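Shared chain: subunit A. Partners: subunit B in the first complex, subunit C in the second.
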Partner chain A sequence: MIKFVLMVNRRGQTRLSRYYTPVELSRRAALEADVVRCCLSRRKEQCSFVEYKDFKLVYRQYAALFIVVGITDKENELSIFELIQNFVEVLDKYFSRVVSSCAIMFSLDRVHFILDEIVQNGLVVETNRSRILTPLNAIDKMSDS
Partner chain B sequence: MLQHSYTHTAMSPSVPLQEMIRAIRSARTQCEERGVIQRECAAIRAQFRQADNGGRSHNLAKLLYVHMLGYPAHFGQMECVRMIASSRYSEKRVGYLGAMMLLDEKQDASLLITNSIKNDLSHSNQYVQSLALCTLACMGSAEMCRDLAPEIDRLLRASNSYIKKKAALCAVHIVRKVHELGELFAPAARSLLSEKNHGVLHGAVVLITELCERSSESLERFRKTVPDLVQIMKGLVISGYSPEHDVAGISDPFLQVRLLRLLRILGRNNETASDAMNDLLAQVATNTDSTKTVGNAVLYETVLTVLDIKSESGLRVLAVNILGRFLLNNDRNIRYIAMTSLQKIVGTDHNAVQRHRGTIVDCLKDQDASVKRRALDLSLALVSASNIRSMMKELLLFLSSCPPELRSQAANGIFTAAERYAPSKRWHIDTILHVLITAGGDVRDETVPNLIQLITNTSELHCYTVHKLYRALLSDISQQSLVQVACWCIGEYGDLLLRGDCQEVEPMQVCEDDVLDALETVLQSHMSSTATRGFALTATMKLSTRITDNVDRIRSIVSIYGSCIDLELQQRAVEYNALFKKYDHMRAAVLERMPVIERNSSGLINGDPTGEPVKEVQPSKVKTEVSLPLPQAADQTCDLLDLLSSSEQQPQSPPAAGSSILTQPLGTDCSAGRDLLDLLGGLEPTPPPTAAPTVTVYEKDGVTLTIVCEKQSDSAMTVTLTGFNSSDCDVSSFTLQAAVPKSVQLHMKAPSGDSLPAGGAAKVTQVVLLNNPNKVNLKMRIRVSYSCRGSTVQETVQVDSFPGL
Partner chain C sequence: MSDVVEKTLTALPSLLLSVDSQPGSAKLSTSSKLGSLIRNITELTSKHEEEKLIQRELSSIKDQVSSPNTTMRQMKELMVRAIYCEMLGYDSSFTYIHAIKLAQQGSVLEKRVGYLAVSLFLNEHHELLLLLVNTVLKDLQSTNLIEVCMALTVVSQIFPKDMIPAILPLVEEKLNHPKEIIRRKAVLALYKFHLIAPNQVQHIHNKFRKALCDKDPGVMGASLHIYLHLIQENPEGYKDLTTSFVTILKQVVGGKLPMDFNYHSVPAPWIQIQLLQILSLLGKNDPGTSEIMHEILEESLRRAEMNHNITYAILYECVKCIYTIHPKSDLLEKAAKCIGNFVLSSKINLKYLGLKALTYVVQQDPKLALQHQMTIIECLEHPDLIIKREFSQLLMLLHVLMIFPINNNTYAPDNEWFIQTMNAVFSLGGETMQPDITNSFLKLLSEGFDSVEEDRKLKVFAVNSYVSLLEGEPEKLPQRFLQVISWVLGEFSHLQQDVGAETVVCLLDKLLHMKNSTSETKTWVLMAMTKVCEGAACAPLVQSVCETYSSSLDTVLRQRAQELQHLSRDPALRARVLPPVCTREPLEVPVDSSLSFLDEFVSEALAAGAAPYKPSHQRQEELAQTKGVSTVCLMFVCLMLFLTRADVCVSQLSSSLKLEGVKRVWGRGGYEAAQVETPSPPQEGGDPSISHTPPLTSEDTESKQQEQQLASSMFLGLDHSSVTLVTHTHTHTHTHTHTHTHTHTRTRTREYGTMWLSFSNDTKQNLTLVHSENEGPLRATLNVLTEDLHLHVVEIIGMEAIVACRLLQDQPCLMHCRVHGDALAVWLRSPVPELPDCLIYHCQRALQGH
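Right, the complex of A and B next:
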């Protein structure tokens, strides 16, 4: 299962963090800093899977944004790799422009809602792009009217 | 962005989320940022205290942002609760999000939202229902789960697909919290498998996976669904292009992966289920497009499944070949996971993996550290008798350039491999030397005694070994393990070194001064540890019998260290000095060549490898060497266990007669102790304490041996052996030896004495400490030997039952 999802920029500032296993607030900052340092220090030739403590990290870089997903041992790393790509494509479709660190920041709650449609409780719930966005589009229409 | 107007308060204006974010970002220092945030939090708090206004939801949104940055936001918890209960959807939404982020089941506030969740689960609006489901799945406590489980079950059966898929995952959370509720969801889960909607299918598969992992009855029950699952999977693989589910040419790869994982769980250890899925797996393995990552993800999952269930051999070979193909893939991610999978099966499908050995060894040179680590693990697992030479070449090459965190693992792996498959002794010694020279600092402690043991066992190579080690010592004295072994060998085989006539190495004239210089450098160098210096001092001492001219130099070195600050070295030096002065006649015997050390079967050697001189006097053991490095202790254990089959004793060179004199120099500090014990023995009342019963185990001609047992702890006990002489002739040299089963640890303390005068005037007691951690059946064999009337008596008795236990 998925333990957490983080989005950080190149300087290591967290843009989005979602935990699916309970982690104390005081430990979160340290965990995030450590994880990010681990991923940022890897070079281009190294693979996207890192063994970190007793679980694994899968990360992908999109321009200035790093998306890091922490997973348990039993999860298929390649499928999580693809999941990250899927997530980014959904965000692109919703915001109808290339996702950047700033866009995430200013619409944080929307991004959370999208993430909730994809991952629930540490498990993948929906991967079809249009189906993920249907509720959000409906809500937007409702709140506009 | 939520379109709400913000309200001004009398105290301070609250700003929209975007402006706050901008303000935070523009703060140039941490302090400034904290100031901005504190101001905002104060404003937010004030807003919360006020009555309902339109700006509540975006205040909470601001709070969540602040929370993400790591600042405390617990004052928002009650606001979340209030907002969840609101009727406005936008407020509910932010309220639930806040609940998921700020609350967990340990907080009191979470109880307050139970009712809201319950109501919202049956709300008319599906999006409200989904919010409740999501939150329940995220932070529902066990009571909440128990409460709401029937509701979830209802939703699983009768609602639209959007809700069904969320309810399925909520059910997963409930099952995790309250295991027994798995039974409740099983029928609904089964029926969900016939849905067409992929989201629901996905949820159903996940739920079934969770149920099967939790209980074996569920596992049995769901095995019947294997045909259905195979059908669904076939549909995905064969079906044509479907725009709804397509990801890079594969139809819903996420669902495929999940299905494969479930099939794996169902097929494990079950022949029928595995048979049913054989065809499907072969089909997926051959038809899936492997040019893109998605395809490879599915293939990877397929391989894992094939290898885990009881598949036929053709399919397994196919799977391993897929992994082999992965190894050659350009994408390093794929190489990495191929190695991980190969690692898991190298034990079971060894031959299949061997075929890809070449590629694996090449990966040792990969750039990525994780790939290198995996390649090392695999390479070590693939070493066998047939490929040992070539593999070792590669491994040694790797060792010289590998990253520091992998060095110790590599060195130890090389040692184990060399031990198991060495084609010749000389090769073995060469390999170990090579490793010590390259990575001597990273090897385990047992390496030194193991190597010494190996060297003594290879008598034909003593000359060669000592030459090589001497040369290594001359070039570098920083690697402690290497220096220790070298010193030991030079001390032991110094005469061979000086003779200089070895065919296998280039001739090198070594004179005595050179050797002594080398040893002195080690002694004086600040890089040498205490243990190493101990080795060097002992070696110097041993050379005194092997060289002819410079004995005086050795004498002076030894006497200098007699005033060394280090206690260990000082003691050694003093004893050696004594050997020079008072016992010079024995020096040759004492410093003779060591006997061949018997290999300890487990490869683990007890005792202290730093080679302290053995100070304990145990008259039951014949101590031949004065100061030895570790192998001494190995002698001890072997002897003790071999007590029972003692027809061929361990080779011990000096005659037993020398033993009693030998023990003197060591015993000078112990004999005082012994006297003390005797003194105490005299003071103690002679009749044994009534607490523990005494059992007579041996009796002959008036000489009796009794034992008294006392339990000290769960696995430890003390046995006191008492010898008594009621005959009318003196008994002298009364010694006891004991042996116990292999897993029991035995420690014999010094006996009170060794003579039993006639008429029972005095007795001999000896305490034995036993530790029986494995709780095996405790037996002890005791050998009694003494001389009486000029003849030696030796008897062995076996004690099977211990009273007082």
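Right, the complex of A and C next:
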């Protein structure tokens, strides 16, 4: 099960966070900073999976951005690792077509919409790229007209 | 990686970077309030500043949301900013109600943002959630499909349990909707209901089946979540669906799904993984059901040949499945090969997965782990902590299995496995292993098992294993392991008729010549040679070894060399002195467990100011502090080994030997049972010691041995006859100790003073005074010391005296003595670091006799 998805920059500033298990608001910032510290201290030749407290972190770095997914033990780490890549490819597909030079993070709501299609209740519910984007495309079309 | 991925990855940074590496570049951000907020936050450096900025922002938002003039469009924008602020950890609960309003009243995009905000802000028990229900109900019945989708999405994310009955019929009917996206989302909503209130959805399980067989793969995929959950709780209830799952997997693997379900040319990988998880649950402990899956599992293994992470993820799941269900040998083999590839892979993520798979597999089939023994060991050297941890877990598992064999023969560890596993433990343990582990292993080996034949086989197997290790590259093996190997070969190689004594002696000799063999290891090797050598073929090699080590600086090595020399020449004597372990009952060795014969010596030494005994754990702590490697795993192994045998192993002297009812046979004069004769008269070098217990019990107290060695090395470089402090173990008599010292030096008091101030190494100690009728205690004591040790008394004034000696040309030692009560307080100084302590020791020895 996926516990949370985070997009954090190198300085520990959160760009996006979605929790699938309840975490108190006041604890979130500390957790996020700690998680990114954990991932930042990893070297290139080290594993992309880190044991953190009583669960695991799967992280991937894209330039200055870290995408970190917290998972329980039973989850297949490598499949989540690739899920992150799938997510990023979907973002790429959406943003490069619709808005050319817009920073993804400035469209926080749209990134959430996309993530909502992929992960629900901590489970991977959709991985088909075109299907993930269908609702958002429809909304865009409708708001434009 | 494929081209597409490469291109994507290079394109991505430009999209994701904007704010984070190119400040101020994004054009559109200037028009967006959110954009400028994010940029401002990014540029800040302190938490305090951030707080100020956010609070300002929040109060601005607050004003605007409460204003009646704010449009829905503006509200949407405010809401996203509020989401951002809460994401950073700042409460914006005043916006919650407005989020719901937004969902109710906004147009499509605004509504979506409203729903998003609600799913992020609220939790299941929030009072405002009830207000959402009406909106959702309305949207579910909307003609606009987008709104229906949105409603179903939010229902899957968050919904009050008590309101399920109100919404259930609406959702149910969506299961039959012509549009697949609606059907899919309806299934997911029902899954959520099942999670929070299983009773409410019990009556519609048949509808789930329909979803499973839905012609649309997306709907089918959604139903898998429900089934995985249901089957985890009750596998029996769903065994009849096995064929369906197998068929579905066949279709997916066979590429029957539309192309857009592919991810890097792999068909619906996450669906495959889920199906494999479901199949494992169904096939577990069920041969009939497992049978149905064999074909598809084999095909999955075969198809996942591509060199991509996602195929490896599928393979991992496949392997896990194969090892969970009822076993089939050729499938197991293929899966094992697969794991091997993972573990051997250079890619660290795959290695990790391989180890994880191995850990899982070891619980079902321990033998597989052994094939990858060396790789596993290499993994421990790996700098990555998570790899190390995985490996430690693996090893612990192996040993739990070893110690608690299940009665079922399939899982009972056999000799081969035991020896190979212990080899792995010794190889990885290296120098940081506790000696207890080696000792208990040796004891285990010597005591054997109940069956004589099994016992013999185990020993023979061990011998074979070690012979081949020595024939290979023993340089890489840790010292403790080499010691174990030597002992085992010494004791048991005669059981293996195929390996001649000469071969073993040659192999042992190889160890002696290895650069990194320590003195301690060499003593074990010499002991082993002593036990093994027989026949004329060994004689020349033995002779040359004896010659080499008879003049070794290490006294213990010298002793062993002497033993080797004498015992190799006299087989009858050796047979009496060193009967093979397996021919006698283990506890027949008479040992005075309390070492009572040493009591007087100890009390005298303490009175003379010797340091009291430091228990093993304290010494170990001090030792361990200097070493970085964690021995948790090995300690666990040690514990486990102990648990197999009720008695404590006979190890160092320092640990208490719980052997009760053993009669006292050792006394002051040595072994009193008159079983051992000294083979030859005392020589210049002192008596050769006769050791007739295995090296396990022959170790002296560490400090004593160190001191002896130190003393011997100190006094060796002399013109006069060399000092041989031949120290023996507790098992036999002490012999003479010749201490010859050094030339006198005539030093005057004045020079003495200058020298005293310039020397940096000192020691203070109390010596016992010698009382004589003829002269005062100071003089008497000094006389004894000067006689025995050839010290030179420079001057005596009243109750004080200054004494000097010189070891070599530039190695003087000065001693200042003062009578203090009933003892002689001495203070020594020397430029040579160890000399003061050494000299004190000899003074004490000398005074002992008086």
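In the analysis below, the second predicted complex is superposed on the first by the 139 of 145 C-alpha atoms of A that agree within 3 Å, B and C clash if a C-alpha of one lies under 4 Å from a C-alpha of the other, contacts with A are read in each partner's own complex, and residues count from 1 in each chain.
Simple rule for what comes next: a residue touches a chain if its C-beta (ideal position, glycine included) is under 8 Å from a C-beta of that chain, and two chains touch if they have at least 3 such contacts.
Bear in mind that the values here come from a model prediction, so they are computed numbers and not experimental data.
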Touched partner set for A:Ile104, first subunit B, second subunit C, both or neither: second
Contacts of A:Pro22 with subunit B and subunit C, given as first, second, both or neither: both
Touch count on subunit A, higher of subunit B and subunit C: C
Contacts of A:Leu123 with subunit B and subunit C, given as first, second, both or neither: both
Partner chain in contact with A:Leu91 - subunit B first, subunit C second, else both or neither: second
Touched partner set for A:Gln46, first subunit B, second subunit C, both or neither: both
Shared subunit A contacts, counted only where both subunit B and subunit C touch the same residue: 14, 16-17, 22, 25, 28-29, 45-51, 76-79, 81-83, 86, 105-106, 108-109, 112-113, 116, 120-121, 123-128, 130-131, 134-135, 138-139, 142-143
Contact footprint of subunit A on subunit B as seen in their complex: 1-3, 17-18, 21, 61, 64-65, 68-70, 72, 89-90, 93-94, 97, 104, 127, 130, 134, 137-138, 162, 165-166, 169-170, 172-173, 198-199, 202-203, 206, 244-245, 247, 252-255, 257-258, 261, 293-294, 296-297, 300-301, 304, 332-337, 367-371
Subunit B-touching residues of subunit A, taken from the complex the two chains share: 14, 16-17, 20, 22, 25, 28-29, 43, 45-51, 76-79, 81-83, 86, 105-109, 112-113, 116, 120-121, 123-128, 130-131, 134-135, 138-139, 142-144
Partner subunit A, residues of subunit C touching it in the complex: 5, 8-9, 11-13, 15-21, 26-29, 32, 34-35, 38, 41-42, 80, 83-84, 86-89, 91, 107-109, 112-113, 116, 119-120, 123, 145-146, 149-150, 153, 156-157, 181, 184, 188, 191-192, 195, 218, 221-222, 225, 260-261, 263, 268-271, 273, 309-310, 312-314, 316-317, 348-349, 351-353, 356, 383-384, 386-387, 389
List of subunit A residues in touch with subunit C within their complex: 9-10, 13-18, 22, 25-26, 28-29, 45-51, 62-65, 76-79, 81-83, 85-86, 88-89, 91-92, 95-96, 99, 101-106, 108-109, 112-113, 116-117, 120-121, 123-131, 134-135, 138-140, 142-143
